[in-house]
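You will see two complexes here that share chain A, one where it goes with chain B and one where it goes with chain C.
Up next, the complex of A and B:
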């Protein structure tokens, strides 16, 4: 039920000390390039580069990364299969009309479309994971403030961030106490026990909220939240790596224009 | 005697639709005192503590801070809370922000310090609690003791006069508790008045200047710890137990040992009582020397070679900075709490020891040793490593010879 948290991986990753903007620029430009590409090769290339970065430079464990990647990948694979089946084309390899309004077919065009979309998903996924695994939330708050996001939104986000871990910890304790006393032994019990956990978690969070207000009052809360404003300086090597990546990926996008599988 | 900083005059408080939590209590704390509020669960300790910084307003009676009645408008409360820092029992609930830096900076930011001021306040507070380098860590990755220190730093950053701790050692392991109590001593030495609530008598007894025994919202006894904890009737009323040292000294007294007016508050005091009973006053051995090294004076590089040159020496460290210094210089520490007493005990057996300490506590070693020597008739010399040119141990033993 409780796996290692994404945020914990990000806090310890090898690229933690690289300037946040460089990491964000790499991730966001990768997503944009994946969306701009018209051939399947460039998203795969981007995925390869970013995954290698995450595994080799950020030193995220392969197992963790694979688990994170596989969940949405299955989802994308299913969608791709559906797309292959329902979209039509000229070179039909196989077709079946089980119902008058539904016809399933596999054609060269539909396979190309499905595979292309799958590759795009893989590319964008790796870009998102790159950001999530190398840039902890605490660094993103600073970016949010610099981007002129309203203060109350950031303050709320920060309190939520802090509370999530506290609440998760509480839920974990309640869950363990329930399991130890065989709370989830049957289907009916499971539902009952789960409801009890929700209730207990609600009360705990209400209580914690009270304490939060008190803790803030005790420290003269006046509507202000401090932020550790300093970002890491932009260093030459990461910057050069970023520029190279964008250029090479753009070239790949242009070169692989219209490239299809079949 | 220093002047009164916090005072309560017949305060009463009843929870909405509940029983009376505080029933007519009066007391006062003086500046620079160490006070322990001791009582069983549900005695009203936490409620009382929350009155000190205006979180709870008494139904009747007056709370005074710095001889002024506390006023409960927003501006006055802010001022009060800046000067009375409050550390909750559950550090997790006190830490608000997503990183250590942000949390410690919370108070100063809200007090309207400018950015440089906030940075200064945060780094000072983190240095005081020994968490330098933790700025960017998120609190949920810290250990219990570290979280407690973050919570304390968050309060210290506002530079309060009084620090109030609700059950400071709950949830900490024994060595973490000792470290924390030493940190409280260090803060007290810097001039802060410290109030703690606890039901751990063993902890409160040697530490406090004054103890207040609470039960059922009433003060049972308010006195110096050996009197407050020494009376079994009071102790039973407060659902506590008599500290081991006091119990032991009472038993020794019944067996004909001479117990001084001031009851023993440490193992050192106890050893003194036993030894003077066995051999009469004074020791027959030539006492060892205690060498003090100020880690703030920056010549710590030669320290480990000096320590290696004296293999019989045992090293103790007082305060977080000294402990960090020892880790840096790879010096093995024998004593990490109650250091002065342990070094005196060692000196009485004719052995030498070295105490690493921050500059603010160098004086304390000399004062404590001198006080002990005066009381016991022993002579133990304290040498400052930073000022001594030649190997200090031989230099001081000559002095010993002359005196004997």
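Up next, the complex of A and C:
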């Protein structure tokens, strides 16, 4: 029912011990470069480099990675097709006007636009997955605190973070029990059973949250979680890799300016 | 589904961030007041956040190939108002992009606007409209949550159409196109979400009515009446 949480992968990936800021810088700069590029080649290049890093250095399984990539890609492909159909152009290959206000066409320019957007999604998705798979959320809380995000917002984020795992656990147990009792045998039952599960999970997690806050209050909790910021030193090799990546990718962005498929 | 990373051109990413940030700042300010006044609200905020996370991760593939999912923001909007909901949503969307690669960082602003601001605002408006009328409170919750979901997708289509207007007919045509793709799955899904959240609300009313009364979500008389019905 639920896909594997990236968090599980991130907690034991091969780049776990690399300084968080280096990993963040690599991912974020890749996203920015993808958004700034105007040709299709540079996002693909960025995707290639980052995917190789995730698969070879972080040692994430190929299967997990492919599954994660396919869902958004499918959605991107559909949206890209819509863009191809509506954006028009000069060299029209095919066109159809089903309604007076609607005109669909496929042209050289629109295929170029659609393909470029698809590549940009591939590039920045790989950057996002790179951050997601190599950096656990617990490390990002430390980054958030250093970035002066207000304490109570981090506090809330951590409570939500904990509740997600609690809820997932609850939901899985209840769901299994409900399936065994034929709770999802029909359309009407399904809605009712699903609502019952949501209600029960909601209230148990709420109680658990109450207990947590009460237990912490009893231990002098003042609305501020103690965060153990592990300071991983900035090492030379990852830093050098980061700088090389940014330079080469920027060159790729400039070199592939305006490059089109057709 | 949330707009994914890299789909919007950078100009639009910045525009949506600029719209989202003041709303978030206002939400953070309100959140601070609530946290100072009533610490008991913290667990409930955490659970609504977790709930939004799980509901909006249930991606259902649809015939058109796109994905739809419930949003679950309506309930939070009713309990805490739209601005705090936008902060909760921002946290949830950040988690989703980093846990499930669902959504993205550059498009986070756009996703916050659709799921965290417009949706909850609509839900909250409906709740306020119907709150003191004789309309059954479960019907109120149903309408608020279902329409919050619908308007989230409405806004997502708007964001996509603004970034990619059609050549013929411009913005309007592409808006209709994107809406049509979403509507196939989203209309039934919004109705199901409304029913589910109304039933969840029924459990809360039956088991933990005190916090609803204390937070003035509904008056004591209304809750008692609903408990009589439940």
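Observations, loosely collected:
Rule of thumb we're sticking to: the second predicted complex is superposed on the first by the 262 of 262 C-alpha atoms of A that agree within 3 Å, B and C clash if a C-alpha of one lies under 4 Å from a C-alpha of the other, contacts with A are read in each partner's own complex, and residues count from 1 in each chain.
Following the convention adopted for this analysis, a contact is a pair of C-beta atoms (placed from the backbone, for glycine too) under 8 Å apart; a residue touches a chain by one contact, two chains touch by 3 or more.
As the structure is a computational prediction, the values presented were derived from the model and not from experiment.
Of the two partner chains placed around the shared chain by superposition, chain C is the only one that A:195 touches, whereas chain B remains out of contact. Look at A:162: by the touch rule set out above, it reaches both chain B and chain C. By the touch criterion defined above, A:137 lies against chain B and chain C together after alignment on the C-alpha atoms of chain A. Touch counts on chain A: comparing chain C and chain B, the chain ahead is C. Contact with neither chain B nor chain C is seen for A:238 once the two complexes are overlaid on the shared chain. Contact with neither chain B nor chain C is seen for A:183 once the two complexes are overlaid on the shared chain. Of the two partner chains, neither chain B nor chain C is touched by A:39. Look at A:218: by the touch rule set out above, it reaches chain B but stays clear of chain C. Taken together, the two structures place residues 7, 137, 159, 161-162, 166, 208, 212, 217, 223 of chain A in contact with chain B in one case and with chain C in the other. Within the complex formed with chain B, the chain A residues making contact are 7-8, 11, 136-138, 141, 158-159, 161-162, 165-166, 169, 208, 211-212, 214-229.
The touching residues of chain A, counted against chain C in their complex, run 2-3, 5-7, 28, 31-32, 34-36, 43, 68, 71-72, 74-79, 82-83, 85-89, 101-103, 105, 117, 120-125, 127-129, 131-132, 135, 137, 140, 150, 152-153, 155-157, 159-164, 166-168, 171, 191-192, 194-196, 198-200, 202-203, 205-206, 208-210, 212-213, 217, 223. Touching chain A in their complex are the following residues of chain B: 53, 55, 78, 81-82, 85-86, 88, 90, 92-99, 101-102, 105-112, 115, 118, 135-141, 154-155, 158. Chain C meets chain A in the complex at residues 1, 4-7, 9-10, 13, 28, 31-32, 35, 39-40, 42-47, 49-51, 53-55, 57, 59, 64-67, 87-88, 91-92, 94-95, 97-102, 104-106, 160, 164, 166-169, 172-174, 176-178, 181, 192, 195-197, 199-200, 202-204, 207-208.
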